[in-house]
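Several structures are given next for inspection.
You will see chain A twice below: alongside chain B first, and alongside chain C after that.
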Partner chain A sequence: MRQRASSPFRIRASLTAYGFVGLALLLWGFFVLRPTIEVFFLSLYRWDGIAPIRTWVGLDNFAKLAADPIFWKALGNNLAWLAMVVTFNVSLGLVTAALLAQKIRGRLFFQAGYFLPVVQAGIVVALTWRWIYNPDGLLNESLDLVGLSDFTRGWLGDRSLALPALALATGWAGFGLAVVIFLAGMQGIDRELYDAAAMDGANGRQAFRHVTVPGLRNVFTVVLLLEVIGAFQAFDVIWGTTQGGPLHATEVLATYMFKKGIAEGQYGYGSAIAVVFMVIVLVVAVISIAVRERGEPADG
Partner chain B sequence: MAEPASLPKPTRIAPPGVSRPVTRRWALLPTYIVLTALLVFAVGPLLVSWVSAFKTSQQIIYEPFALPSPWTLENLDKAWNVGRFGRYIWNSVLISVGAVVGTVVVATLAGYAFARLRFLGRGLLMLLLLLGLTIPISAIIIPLYLTMRDVHLLDTQWSVVVAHVAIGVPIFTFMMRGFFRGLPRELDDAARVDGSGELRVFWSVMLPLVRPGVLTIALLEFLWSWNSLLLPLVFLTRDELRTLPVGLLFFQGRASVDWGPMSAGVMIIALPIVALFLIFQRRFVHGLTGGAVKG
Partner chain C sequence: MRRPGWWRTRASAAMVLGAVTVLVGAGVGSAQEPATLQMWLAGPVGTVNAYTEVIDEWNKQNPDVQVTTTFMGDELVKPALLPALNAGTGPDIFEGGVGPGQPKSIIDAGHTLDLSPYYSSLGWDKIIPSDVVTRTSSGGKLWSIGQSVQTTVMFYNKRIFEEKGLQVPTTWEEFLAVEEALLADYPTVVALPAGDGWPISHNQTALWGLFAGPDGLDDVLYGDGRWDDQTFVDATQTLVDQYTAGYFGPEPLAVGYRDALASFFRGEIPMVFTGTFMFPDFLPKLGEAIADFGAFAMPNPVSGKPTYPFESVAGAWYINADTEHPDEAARFLDFLNFSDFGRATLLRNAVVPVGEVSGEGLATLPTIFQEILKMNDDNRANGSVEAFLDTVIPATVSAVTYDGLQGLLTGDVTPADFTAQVQAAWEEAKANGETMQPGGVAQP
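Then we have the complex of A and B:
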């Protein structure tokens, strides 16, 4: 009853509100949501983008993908990349945060330093590390200085080293974010738990394992989600250095999609690659949001 | 990797009789050493590359760690004139400022509505935007490119500006909603009772109070649009429209061994971001981790 009495007012209030959200929803709907749906349709066609007719090919693009060794190479590289960057960022982030969580003078100064690479452009990361890895670059020069000349090489030209080398560059540009997130998580852990552990005779390492790590469970989920989404979108640093080479040693889904879909204009095939990594990212995201929502009450 | 001795010692209770300050100072020495080594790892490459911008290309190769001798502005000059960085800076500024202004307008309006106004479908739209947070943008670049072509925005700076504003809608709407929700309800209710219209409540009562929030989203949007590579690379094909990151990418192709002008280009891109970061460090850190860590 009350609802009906107020309904003309409600409709007017709704119209006002739509005025507020309208611009945002129109822009997002047209330039993000619609392309997100369209990429699935595009993947079912063969189309060069210019011809007025798109040729319906059903799942042919995906069959072609399944038989494309470069696609599998790129997918494998993405997974290896993910494993390397996650291991690097999580372990280094965790250790650094644990060190900073002590009574450290100049904590903000250290934190700012670790975070500085995080705000750098991908192309800056790419060129800085391309120069470090160059045959006559910083890394080889340093090896010469400490008498390890035998290990000098063209790092990014080496098929087995190029991918880990670029993963390290990406880890450099990302671990500062993990440090800050872990540090915030650690500062949220109840101090009394540490006191209790100390009274039970736990040493620093044991307290870290049995109090700090379990207390960071939700934070781990967040960091992992960020890393997975980031790893499958890896593009800037690779495109700014090796562009997927040598011999596809650093090819990932995003670079391969760019080559096929944008550079070669195979919109259907490129979209099929995009669909694969869109699905992977969405599945991971939905799972980790579900895990997170279960871990803590939704904000009401 | 740190040795076990440098792992945290959260035990704050020192046994009686032990002089605490002295033991603690020495106990933390390995920690400081590791933290400093990590600092060198994080900041070192950037510092060396910025210093290199003032060295000759030859000195960069033969003495990578040395200070410039002589100091030279040749690289900046070359980047500016041969590399056309003057043009690229202007394009980058234009696009970033456009994206920031657009984002602030769009996200404050929408964030306010989601925080304070009740309307049909609000829950559903929120859910849609929440899912939208997870869409990987590089996966939709092909249909987005075709969309820009169909609305005749390709090879105009508008394409990049509009795409950045649209892509930022979910994250920035959520952030602004959070800021508006942090304001006491009595404020806008009182203004409404006084007979102010919704737009007036928003503009004169609420907006001035969320200035810190507006600054945060403006900084983040500036960071992302200034640093962005893929969108301008795909949407802008003419050289005179290129942004700094894209310009540097192609400059690299043209001058593959000339590290001097390259370092100058890297420094030019990094300079405004580093300056803003040093001024607004807390806002950047908080903004970039805000979605991740509550509070």
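Then we have the complex of A and C:
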């Protein structure tokens, strides 16, 4: 006998489901939505973090932001950072995963080795690479050793090199995640496709281009989305090394937001930066998801 | 055979007896519970230092008033303290900045206890120097007790000086000659860790103080003076000249503070201009090797002007206005800062408390520290200037200062631009009410 839509069983099942979802929604609402709304409202005030009264300024903080050259510099740095880190992680991650997909001796050891930096705390990565980039550090010493002393420099003190240097550090720490995800994706590709390609005379490079890459299309979008959001959240490696210097050469939105909001006690202005930051990341995330869903076949 | 109800009677009696015991015990317990003062300090969790040593002794001597400490990490005030004070869950005692630019918001928000009643009752008016009182008071009220006095000097490597046959310079010309002689053998003559913005401000503060003198600095901090005055432009130009001459090395912007100090103490850099605040951290690591290093006062670049000791009150102790034990907290601060045990312990750990330091206390300090204090005493008749301007000006002005100092080294900012930027930030901070008026405690 078919169950009617309003049968007691269905009502009870629905209530149970809503109960579980409701609890999660409650937690999300309290710890995510509420602070987000608070930040939005705080951005409409001037407040030093301690005064009992906040001063209403309306959209003045946003107007100030629009005219703030350091904000635009930080945004530009974020976009440059995004391009560098995402390109590095996705391309190197894909190539590394393709190599690790081969049945080679010690594969598991290499997989663990590439993933190890991913689980390091950001501050550990920062301290490690600060030592490497120090004028007396590993990089310059190595260059001296191989006769390339002309290329030694103060990497983190050079305004044109500091941001790429830190992007490399972040890429080193993060590309292992892309490796693992791509590797899992590759293992889901039907082996028969490779056999068919081999029968058609395809070599390794052609098989990679015509079988592996198309087979990883969905995985690509996931990796891309994760890397883009991660790149926008850049903070700890920068804060642990240059703190946005020299002269804002490595300033990104997260560091600038922290400086203005917390270090300088301009909570309203810092919140305005946070609101704009959030909107930018949301737009980018929505675009990424839309691009992914556009490529998927329709249901039914 | 027992009467019916025998058990009921005895059970009732036992219950009453038990209830009375619990109530009496609770009453006795609460009567014996000590008052607890919660104290928050900056520093890594689990830190053991001079302050914890004094606190342990206080707790032994005062079982009725116990002090518990929490180290809140390197950043105390904004991330941890302000939210707690706002929520009414702040500690009884906390450390914070000093005026005119640091603590105004906390004071205006009513979170700090007026310590004026204790100023004379506990004898602080006879101990705390007037310039320290100026930094820790406003509106006729004392708001905090200065934690320690820190000073900046030029530290130098004695071995390098001896090898090069150099004498400690006493004039600016001699200082330039020493730098030039060292430049022949050392790529970096004076360590300037410009990778972290704030260390450059030590050199900047010193030069601004030397050029303007104590009155010139106070005129801007508390009067109508201006940071873009030609005096400060000239002082800034001197800093830039030092850099362009190569004395700060080829890549100061790539070097952080700890790396620079490590290089100095390894003997790779002959000199570094920094503060005595680094002693508690580096002294235990150096041990007897500290004897290889000396210090001298930076001579005045301005011909005919004297040398001044650079001294700043490095932070202050505040009592929460909402504390339930204000008198106990004040007594504790008195013990920490002004008791013989407190002062001896602080000195032994290279922390100089405010007020006069006796001969016995001085003897516990490392020799180099004693030499620095004597040097300051010798020059004190000239007046003293701030060692760290960035600890007394609002954080918004400090941020502009750090950026500008890095800009001077990159060539993006001229000395005139720099002082103009600082002045603009200062005016905005004053307009926003971020600075305090000159302090002083109104006498009853």
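Of note:
Heads up, the rule we're going with is that the second predicted complex is superposed on the first by the 253 of 300 C-alpha atoms of A that agree within 3 Å, B and C clash if a C-alpha of one lies under 4 Å from a C-alpha of the other, contacts with A are read in each partner's own complex, and residues count from 1 in each chain.
In this text, contacts are C-beta pairs under 8 Å (C-beta built on N, C-alpha and C of every residue); 3 or more make two chains touch, one makes a residue touch a chain.
Since we're looking at a predicted model, the values are computed, not measured.
In the three-chain model built by superposing on chain A, chain B clashes with chain C. In the superposition on chain A, contact of A:49 is made with both chain B and chain C. Looking at the shared chain after the overlay, A:226 reaches chain B, while chain C stays out of its contact range. After overlaying the two complexes on the shared chain, residue contacts for A:174 are found with neither chain B nor chain C. In the overlay built on the shared chain, the residue A:93 is in contact with neither chain B nor chain C. After overlaying the two complexes on the shared chain, residue contacts for A:264 are found with chain C alone; chain B is out of touch. Counting the residues of chain A that each partner touches, chain B and chain C differ, and the larger count belongs to B.
Once the two complexes are laid over each other on the shared chain, residue contacts for A:157 go to chain C alone; chain B is not touched.
Residue contacts after overlaying the shared chain place A:136 against chain B and chain C alike.
Of 3-11, 39-47 or 345-353, the segment of chain C running into chain B after the two structures are fitted on chain A is 39-47.
The contact surfaces that chain B and chain C form on chain A in the two complexes overlap at residues 49, 130, 134, 136, 262.
If you check the complex, the residues on chain B that touch chain A are 1-2, 4, 6-13, 24, 28, 31-32, 34-35, 38-39, 41-43, 45-46, 48-49, 61, 64-65, 105-107, 109-110, 112-114, 117-120, 122, 125, 128-130, 132-147, 162-163, 165-167, 169-170, 173, 198, 202, 223, 226-227, 229-230, 234, 245, 248-249, 252, 259, 262-263, 265-266, 269-270, 273-274, 277-278, 281, 284-285, 288-289, 292-294.
Across the interface of their complex, chain B is touched by residues 10, 13-14, 16-18, 20-21, 23-25, 27-28, 30-36, 38-39, 42, 49, 91-92, 95-96, 98-104, 108, 110-124, 127-132, 134, 136-138, 141, 172, 175-177, 180-181, 184-185, 191, 194-195, 197-198, 203-205, 207-208, 211-212, 219, 222-223, 226, 229, 232-233, 235-236, 239-240, 254, 257-258, 261-262, 267, 270-271, 274-275, 277-278, 281-282, 285-286, 289, 299 of chain A.
Across the interface of their complex, chain A is touched by residues 78-79, 82-83, 85-86, 105-106, 108-111, 194-197, 250-256, 259, 263, 395-396, 399, 403, 406-407, 409-410, 412, 434 of chain C. Of all residues in chain A, those touching chain C in their complex are 48-52, 130, 133-136, 153-159, 242-243, 245-248, 259, 262-266.
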